[in-house]
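Labels run A, B and C following the written order; every chain starts at residue 1.
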Amino acid sequence: MKAKLASLLLAATLVVPSLAQARETLIMTCYGGAYQSFFESEIIPEFSKKYDCDIKLAIGLAKDWLAEMRASGKDNAPYDVVMMNEIWANQMRLEGYFAPLDEGKIPYMKDAFVVFKDKSGANSGIIGVIQPAGIAYLTDKVSNPPKSWKDLWKPEYKNKLGLYTVTNSMGGEFLLTVGDVWFGDQKQTSKSIDKIRELKPFKLSEFSGDMEKQLTLGEVEIGVLDTPAIARLKKAGVNIGWSEPAEHMIMFEQVFSVHTGSKHKDLAQAWINYLLSPEIQTKFVRRFYTTPCTQGVEVPDDLKEYIPVGPDGVSRIKVFDWEFFNANKSRIIREWNQKIAR
Amino acid sequence: MARVILDSLKKTYGGNLILNNISTVIENGELVSLLGPSGCGKTTTLRCIAGFEIPDSGTITIGDTDITTMLPEQRDIGMVFQNYALFPHMTVFDNVAFGLRMRKVSREEISQRVHHIMKVVGLEGYDARYPRMLSGGQQQRVAIARALVIRPRLLLLDEPLANLDAKLREEMRFYLKKLQREVGITMIYVTHDQSEALVLSDRIIVMFNGRIHQCAAPEELYRHPATLSVANFIGLINPFDARFRGLENGCALAEASCGVLRCENFISEQFKDMAPGTPVKVGIRPESLTISSYSPEKLPGLNIIGGTVQEKVYIGNMFDYRVATPGGEVVRVQASPSVDIPMGNACWISAASVDTLLLPLE
Amino acid sequence: MAVTKAQQAGSRLLLFLPAALWIMIFFVLPYTFLGYVSFKPTSSSSAYLPGFTLDNYVFNLTDSFFWVILAETLLEGVATVLICLLFSYPLAYRLARSRSRHRSLLYMVVISPLLVGVVIRCYGWMVLLADKGLINDLLLKTGIIDAPLPLMYNMFGVMVGLVQVYMPYMVISLTGAIQRINPELEYTARSLGASRFTAFRKITLPMSLPGIMSGSILVFVLTISSYAIPLLLGGNKTLTTPLLIVQTALDAFDWPGGASMAVIMFVIVVTLLSLYIKVLMHAMRGMK
C-alpha cells in the first residue's frame, strides 16, 4: 500500500520532467556519501551530456530497494539500473526482476571478470566494482598475522577478533567461508556456526564502517576488511596490515543489472557499458582503491602499494552460493541468534 | 505541661532579618495568638517552635527542656495548618491514628483514643471516609483531632480558619475556644485577622517586621496599644505629629499643630526618661471623639480641636466624619447620628485626655 | 446571530479533527496493516502471500527462543524503570522542593540530554565505555584494574544507555507529581512523630504514585521498544524483541513473522500495563 503510493509519487516525479524536457531519465540505486558524490560529480555529467539524458540516484540501502521493487512488481520499475551486492541481487535475479543484457549494447561485457546468468541462462548481472576482502590486523599489536581463515582459530589470536553479524553481507560470506574451509561445503551452516562459536569471545560489527572504527580504536586487533578500506586507513595513519587468506578471498562487490520493467533498457545498457569502460574503471580504482573489474585495466604503479590485489587476483576471490544462503536465511539467522548473539 | 519560653530568637533569610530578637513567655494552658500582617515573622516563629526551622540564635524551652535544635518528631508538639494538611491517601481514622502509630501505641488503645477524640471534635462515624469527602470545617476538625490525639505538650495552629467561609469561621472560633478550655492545652495561634485574635486569645502577641511590638490581653491591647502600628492594626486611630513637652501629675503634654494635647493613656515606662522636644505621636480613636457645631466647655480633662467637616458618610448606626484641622490633618470621627453637621461647616472635635494616647515614634 | 446546537457540536468536532486524523494516519492505519500482515503466509519473494494463516502466531508462540528474548526485553524494561526511579527520585525531589532562583537552570540541565539525538549520545557512551575507552583507560593507567572491564557490548552497556537516555522522562514526571504534594503534609507527619524517612515513606512516596506511574510507564514503553540503543551499545550481542522484529522483517524478509511478533508483544505489553495501572490505581484510591 505504502510502497505503491511511493512508486506512484516516484512515477509522477519521473513523468513530469520528461514531458517538459522530452529527454530520457535513468534512475539508479546508489549508496549515500562518497559513492553518491563520486557518481554525481565525476561520472554522470559526461554521460549525461553525451546521451542527452538525466541520471538520478535513488539513495538508500539494499533492504529498502528490495522492499520497493517487490512492492512495485516486475512491470513497474522504480529503478532502471540496479546496483547492489550479489547477496541481494541474486535473489532479485532468481525472482525475475532483471532483464537479459545484450552484448551488442554492452561491448565491454566480454571483458568483465564476473557476469551472472539468470535461470534461462541469459547474462543479467555484471560486477562493476570489486573490493577484495581478507584479514585485517593492527601491525603494532599483531607481530605474526594470520595467513589463512583457519589461522583465526589459533589460540594466539584469542580475545583479539572482530567479526560481522550474519545479517551483514560480509558476515554471510564469512559463514559460508567457514563451511568451505573447515567442512568442504558452504552449506554446512549449523556446523559452521558452532565452529564460529569456538572463536568466542569476539566483537561483532553490523557493517564495515563499525569494523574500521573498532580496529582504529584498538577495540579489536584482528578483523575482516576489504583492501580499499585498508588503503583509506593506512592513508589516515592507522598502523594496519592486510593478508590475503591462503584459501580464498571474499569481497564487497557491486553488481549492475537492468530492471525487467525499465522503459529505458537501451540507455540503461549504454550506461552500464560506460561504467565498465577502462576510463571509468580507472576512475574507480583511483578514487576508491578498488580492484579493476575488466580485462585491460591495470593498477597504476603509484597505487600498487594500496591495491594489493590486481586484475589477476580476481580469480582467487570466492563467489558464494547465495541462492542457498537466501533460501535458508531465516533458519540461519535464528541459529546465529541462539548460538552467537547471546 | 509546661510554659514555653522564647528567648532572643533571631533568624535571617538571604540577608533579611525575619526574626529580630523574639522573646516571650507563654504560660501553661494559655491560648496566645501571634498577630500581624503577612511577612511579620509570625509563621517563622511558629515554625521555629515546631522545629521546621532552626533559629540562627536564641533558645526555645518548653518546661525545663531546651528544644531549640531538637528534631520536630521529638518535640511532642501538635500542628494544624491553614489547608488542613490531611493525608489525602488515608481515611479519616488513619489520619487521626497516624501519630499514635508513630508512637507504637497498641491497636486497642489507638482505636479507643481515636474514637474518643473524634467524639470530642464531633465527627463520630466518619472513620472510613477520605478527607476529600468532608467539608472544610470537618476537615479542619479532623486536623485538630489528629494533632490532639497524641496529647501534645503544645498545639500550634497556623491560620487554621483562613480557608473557611465567614460564617463557619465564626462558629469555629467559639468551638476552638471551647475545645481549648475543655482539653486545657497550651495553644499558639497564628493569624493576621485581628478580630479572630481578639475573640480567641488569652493574650495576643502583635508582631511587625520581625519584632514583637506588644504582648497583652485583647482588651489591654485595644485600650493601651504600645505603638502606633499596634493601635492601627487593632481598631482605627487618628495620629497627630507632636513634640513631647513633659509629664505633669500622671498626665503627659504633647505639642501638636492644633495645640497642646493632654494625654493620660500611655505606658509610662516609654516616656519617663524622654527629653522635652522629642517627636512623638498622639493618637485618638475615631470612636473616642465627640463632634459638635459649637465649642465645648474647656474642661481640664478634655482636648478640643477646631476644624471643618470635609466629608460625611452615613454608615447605619453612625456618621463617619472626616474633619480637616487648620494644621492640615484629616481626622476621622465616628459620631452618633443625632449630631448632624453639614459638610463645609465649622466644627469642634473633642476627646477626653484619658482616651488620648501618647505613642513613641517607631 | 444565533448559534445552533449543531453548529456548536460541529465546531467542537473540528477541534478534535487534527488529532483524530493524525492518530488515524500514523497509528490506527499502520497497526491495522500490521495486524493484517501478521495473518498472511510468508513468502521469500514478496512481502506476503494472499490467504489467511495462523502459522506465524503458532510458530512464534511455540518458539521458546522468542519467549526468552521477550522475557529478557521486558525484564530489561523493568530494570531500567527501577534504576531510573532510584536515580531520579532524589533529583526530582530536590527540583520540586527547590526555591532557588537557579531552579529553571537545574530543570534545563535535567532535560538537556533530550536535546541531543539518541545515536549521538550512544556514540558518546561508546567513547567512554569501550575497552580502550576513557573509563577503562583511566582505571588501567591508575592500576586499579589490569584488564579492561567489559562495560559495553553487553547488557550493562545497554542499560547505561537506556537509563541515561530515558531518565529525563522519569525526572519530569516525578517532579510534576512531587510539586503537587503540599510540603505541609510532611511537616505534619514530622510533628506527629514520624522521622524524615518515615514521613517520606508514608506520605510523600505514596502521594507521588501518579508520577511514579506515568514516569515508569513512559520509561518502560520507551525502553522495551528502543532500537538504536541496544543495537549500538549491545554490539549485536544483546538481542531484544525490537531487534528481533527488525531482523525478521528486514534481514530475513519475513514481514508476516515480524508483524506477528510485534502484535504478540503489543498484546502482552498492553495487558501487563493495564494490570500495573490497576494495581497502582487501587493503591491511590483515596486521592483525587
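By our rule, contacts are C-beta pairs under 8 Å (C-beta built on N, C-alpha and C of every residue); 3 or more make two chains touch, one makes a residue touch a chain.
As the structure is a computational prediction, the values presented were derived from the model and not from experiment.
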Any chain that touches chain C and chain B: none
Most contacted chain pair (by C-beta pair count): B-C
Distance-maximising chain from chain B - centres being C-alpha averages: A
Innermost chain, taking as reference the mean of every protein Cα atom displayed: C
Separation of mean Cα positions, chain C and chain B [Å, integer]: 55
Rounded Å distance between chain A and chain B, as computed from the means of their C-alpha atoms: 90
Distance from chain C to chain A - Cα centre to Cα centre, in angstrom: 37
Residues within chain A bordering two or more other chains: none
Set of chain B residues in contact with two or more other chains: none
Complex contacts: residues of chain A adjacent to chain C: 1, 63, 66-67, 70-71, 91, 95, 165, 167, 203-206, 217-219, 326-327, 329-330, 333-334, 337-338, 341-342
Chain A-touching residues of chain C, taken from the complex the two chains share: 33, 44-47, 65, 130-132, 153, 231, 235-239, 244, 247-248, 250-254, 257
Touch list for chain B against partner chain C, complex: 50-52, 71-73, 75, 77-79, 81, 83, 85, 87-91, 98-99, 102-103, 130-132, 146-147, 150, 156
Complex contact set, residues of chain C against chain B: 182, 184-185, 187-195, 198, 202-203, 206-207, 284, 286-288
